[in-house]
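A, B, C and D label the chains in the order they appear, each numbered from 1.
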Amino acid sequence: MLPAVSETTQKYLIYWLGAICTLAIYTILYRENRLYRLFEHFYIGLAVGFGLYINFKEVIYDVWWKAMMTESSGSIFAFDTPPHLPGIVLERDDKKEGKGCWKWDVGQAAEIRLREIVKEWGTPNYLKLWAKADRPVSGGRLTLIGTVAVPENGQRGTFSISFPMETDRWRLIRLELRAFDIRGSPFRPFEKIGKRNQLGEVTDLRLRANEALVQADATIFLDDLNHNIGYRWWWVFSGLFGLMFYTLFIPRLAWMSRLAMAIPLGLGSGYTFKAFVLELGPQIDASLKPLYGDIPLLRIVNNAIFLIVLLSVMTYFFFSIEHRHSAIRSPAQFGRWMLMVTFGIVFGNTVMGRFSLFISRADFLIREMQVPWDLPEWSRLLIVGHLLAAFLVLAYLSVLYERRKATVGGTEA
Amino acid sequence: MWGRWGVYLLVALAITLPMVLPVRIRMVPTPPVRSFFRMVEQIPKGKALMIAADFDTGTEGENGPQVEAVLEHAMSRKIPILIMGTAIQGPELVQSYAEDLAKKYDYRYGRDFVNLGYLPGGQPVLEKLGRSIWQTKPTDYQGKPLSQLPMMRRVRTAKDIALVAEFTGAGVLPWYIQTFWAQFRVPLAQGCTGIIGPEQFPYLDSGQLSGLMTGLTGAAQYEHLIKAPKRAYRRMIPQNFAHITVIVLIVLANIRLFAERARRLRGR
Amino acid sequence: MEHARPDTIYAYLPWIVAAVIGGGLVLAQAGRSLYIRRLPAIDAIEEAVGRATEMGRPILFVPGLAGVDVPTFQAVAIAGRVARLAAAYRTRLLMPVSNSVIFTMAEQVLREAYASAGGSELFRPEDIRFLSEDQFAFASGVIGLMNRERIATAFFFGNFAAEALILAETGQSLGAIQIAGTPSTLQIPFFIAACDFTVIGEEYYAVTAYLTREPILVGSVWGQDLSRITLAGLIFLMSANMWWLPEWIKSFFSFW
Amino acid sequence: MFQPVQDRWRNVFLCVVAFVAGVGALALLQSLPPAHRRRLTGIVTFVVGLYFPLEFFYPRHNFLTPWRDSVSEVLRVLAAFAFGLGAVNLFLIHGRHVARRTPNLIFSLAFFAGFFLMAGAGLMNDFAKGFLAAEPKVGQLGFWEASYRILFQGALLPLTSTVFSLLAFFIASAAYRAFRARTLEALLLMVTSFLVMLANVPYGLTVTSFLPDEGIWRWGRIENLVQWMMTQINAPAMRAILFGVWVGAVGAALRIWLSLERTFVSGP
């Protein structure tokens, strides 16, 4: 049995492991050495392991596997909270899922409205509802009625579906969206192609009991209403394409990896045209700066400078024209100077950025030090300094060792 | 080799020593930081602020204090906050800052702020998020369904978001520009690391960005604007000394260069 | 804006650019020689290979933080040219790579390059090394490699991020001749600071086209150039004439 | 035909059939001559590449619009599958070192240790929390969760940030060495970064803080000057580069879309 770890132990381990890793990497500032190399390889391993893990968890499992091997359901209403409606009580024992279910006395209210439902159903194909009556009722039926609105264009509509409610045993009822009686056109534009399943937002949801149930004065149990897409077996193809990448290592089949790559590359190149409009369009628009007219002089001067810099830097990057004529050469030269100014700005800003990185490391080493005593900051600095010195000595020894080995037995590959 | 080691040692000392010394400094906010502040100040009631934490611990040194400052500002104005991130560690880091500040401003998780967690997949996923948050990420960062978080009833699409505040050390701003700004017309403000700061100015000029906070200085300036100097201010002190060190080094190098040149001239 | 708006120019602009570039491609394919000015980087590359030969130490070629994208493809193409030179000078070329697809691609391109320079026996597959896909794991792997092999010349071509300075500084401390080229704007200042020669931004594509002389690349660079000239002309004319232009033209050019 | 199935076992059956059929189709394609395969790849690239342009440039919602989300999910799944490629490569390299007991053995073992510890702890924490581990009490964490956290927060994050923070030293020495006013260009680079560095820290601002912050004199103050350079020189220069990048991107997209990128197409 592997032991549980207390939070304090964990804090200590995180700090000291982190401190060792940090200082070992800093020995490269002296010289490349075996200590550094050991942690470098450890780091590469960690990074690859972590990347594999996070890709598996977040995409392969969450997106791919779930689409292929689950019904991709989402909750609409959980029937877990106290209803505050006449004729309904929360039942905590005889339930199917979650914390509880609703017990609905049809005699008191023939229709109930579900409040605070999930409005966005995505593209479901069927709904699922757990339900039973307290006694068998022949001819008993429930009707689910909803109001739908499309937020984009304000179109509204209603849907309803009725289903038998006769048994006294928990039953999972499937309600096919195809079978819904839909009035109006509550669909998002064009998104009803084929299956007409992209509803707008569901704003209101009611359940109505029929005469037979009311007369029998039945009590109905309701639990977890979900929307589902269904199992989508064709996702196996994207897995197949994903596996085709790995033919890269088998020369005879390597062309298949190219075929698999054709999809992201093709999509990506197509997307460039869209991104060009969305990102560069506003940039061009903003470059058309007025040079005359009803604007303050300072703006005009600034606009002119802006345009001169913009156009001369662009001129520097003209390759198909010989930079011999001064009409091209002087703006190009000026453009290059402006580029240097820009690079200077980048450099200056980066100095700040890079120092911040080291400051946060030093902050970690000194301020977040986990020691059982309350130490003043300068003594923490001393501890870290000594540790670093010890690591540097190790690094020095390893460099000496390698030098000696190199003189004896030739260099390592 | 010794010259190089000398520079390294100087930098290390210039940063670590001021950390243990008591020093005071004064910040002056720049216009882009002021407009960032204004954007948060102008968020209307009922609309949410989305914090995109696109950074990892690698650049936490700069982005961390920036997020903290914006969080503090938003919380003091009682704005609902939605946290997400396209970097793995970002959302969890922001969650820890938010939880620290929540006590002070009586913010409760689920009611006043929600964390969607890590959203891999880049631009296409953000586009989907803008169309429907619930469909793109049906659960929060701990796997809790959004239907259990009251705040999310009001926050469903990009329309419910008044401002996207993006914090990053990498060039992921175009993803937000191509989706939130261009497709859903949500204004963007960015807190970025020092290095990518200059690259964002064309976007600031074209209005694709409505506010910009660059590096630790930006964060310290924002803290100055909300009158709550904290972590960024504290880290500006070693920053200050390290900069002075580098500046002195450059001046020395140039004096040496000119001295050599003068000696050569005299020699001739 | 979930769909392009046909009442602004921006719905057509990418296609205009694509058409101009397509025209360049067609012209180049048809055998028209399109002019691209010679960039100083090209001489520098040759010199740097020669220098490694003199010192008898290996050359390093880093194709950046590789992805399956065009800057990396072009970096591999440049690596092919460098490998051809190295094979001719009988100098070893090391190439750490951070992407598996690029890894196999590089192996093939280098094998061909060595063969075409008549040095097939010099090609050692283990000199192309896959290190890691993670940025800093890759960077720390490369600096380890640079130190162990004591490289004399380093080429950095491709996409780079923060690791650019780590690599270039390490090379500098080893006294290597370094040539860099990257379309990643933010890293250029560090390459300028630490390298002997730097290819700036767009020049990167021109260098590849110039080196390989491949009609597709030359045509593409030429077409892109024409597109940029058009764009610059458009901006200049619109800005200069903004004050009298009728409203409908202005709204045709406004994004929203 | 592509109708979701409501029965689990029917779905499993269909999955197996689809997989076998897919492999069969690939086997058939394998018998095609290489030129045809290459053409097939080209056709697939072209057809798939049509999706976004057709969907976006048709000015209204159209029959392609509902597929946006599925397309983005396919992209994510493919990218996730591709990630394993790097791991396979590293396994081959380090497996060889271990098998042959080269001098690199100990480092290769460190690689494997890192890999299995991290992937193992992560997967166990998510999918088999209770496996072989004692039930945690209050104030305790289960073994797998604790080991995941310790490895992630105690090793991976510090290592990433530390390698990143080496840059603080490198940039100082790069600045020291590179910033010598040898040429006009070097001088421009140096002076601007000098000013920016001064503007970024409070002590730097004191150099000009004696000047009034109004009238003509305000342009002498470093913070205003740098802000002006940022918006009037840096922004247009960056935008010019951005134009180049995007025009280049369209060119690149065109070459890939039409399978003209030779280094790539003529691969194995």
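In this section, contacts are C-beta pairs under 8 Å (C-beta built on N, C-alpha and C of every residue); 3 or more make two chains touch, one makes a residue touch a chain.
All figures in this text were calculated on a predicted structure; none of them were measured in a lab.
Just to note, of A-D and A-C, the chains joined by more C-beta pairs in contact are A-D.
Of all the chains shown, the one with its CA centroid nearest the global CA centroid is D. Note on chain placement: the centre of subunit A and the centre of subunit D lie 14 Å apart, centres being C-alpha means.
In whole angstrom, the spacing between the mean C-alpha positions of subunit B and subunit C is 31. Centroids of subunit C and subunit D (each the mean of its C-alpha atoms) stand 18 Å apart.
Residue positions of subunit C touching 2 or more other chains, listed in rising order: 1-2, 4, 11, 14, 17-18, 68, 100-101, 104, 132-133, 136-137, 140, 162, 185-186, 189-190, 192-193, 201-202, 221, 228, 231.
Counting partner chains per residue, subunit D has residues 56-57, 60-61, 71, 73, 75-76, 79, 82-83, 85-86, 88, 90, 157-161, 163-164, 166-173, 175, 177, 179, 189-190, 193-194, 197, 200-201, 230, 234-236, 238-239, 241-244, 249-250, 252, 254, 256, 267-268 touching two or more of them.
Within subunit B, contacts with two or more other chains are made by residues 4, 8, 11-12, 15, 58-61, 120-121, 135, 182-183, 194-195, 198-199, 202, 205, 215, 217, 239, 242-243, 246. Listing the residues of subunit D that touch subunit C in their complex gives 55-61, 82-83, 85-86, 88-90, 93, 159-160, 163-164, 166-167, 170-171, 173-175, 177-179, 189, 193, 238, 241, 243-245, 247-252, 254-256, 260-264, 267-268. Interface of subunit B with subunit A (complex): residues 5, 8, 11-12, 15-16, 19-20, 58-62, 64, 88, 118, 120-121, 123, 132, 134-135, 138, 145, 147, 153, 156-157, 159, 169, 174, 177-178, 182-183, 193-195, 197-199, 202-203, 205-208, 214-217, 235, 238-239, 242-243, 246. In the complex of the two chains, the subunit A residues touching subunit C come out as 25, 28, 31-32, 36-37, 40, 43-44, 47-48, 51, 248, 254, 257, 261, 264-265, 272-274, 276-278, 280-282, 284-285, 287-293, 303, 307, 310-311, 314-315, 317-323, 339, 343-344, 346-347, 350, 412. Interface of subunit A with subunit B (complex): residues 29-30, 54-55, 58-59, 74-75, 78, 116, 118-120, 122, 151, 271, 274-275, 278-279, 281-283, 285-286, 306, 342, 345-346, 349-363, 366-367, 377-378, 381.
By the touch criterion given at the top, residues 2-6, 11, 14, 17-18, 21-22, 25, 68-70, 73-74, 76-77, 80, 98-101, 103-105, 108-109, 129-130, 132-133, 136-137, 139-140, 162, 165-166, 168-169, 172, 183, 185, 189-190, 192-194, 201-202, 205, 214, 216, 220-221, 223-224, 227-228, 231 of subunit C touch subunit D in their complex.
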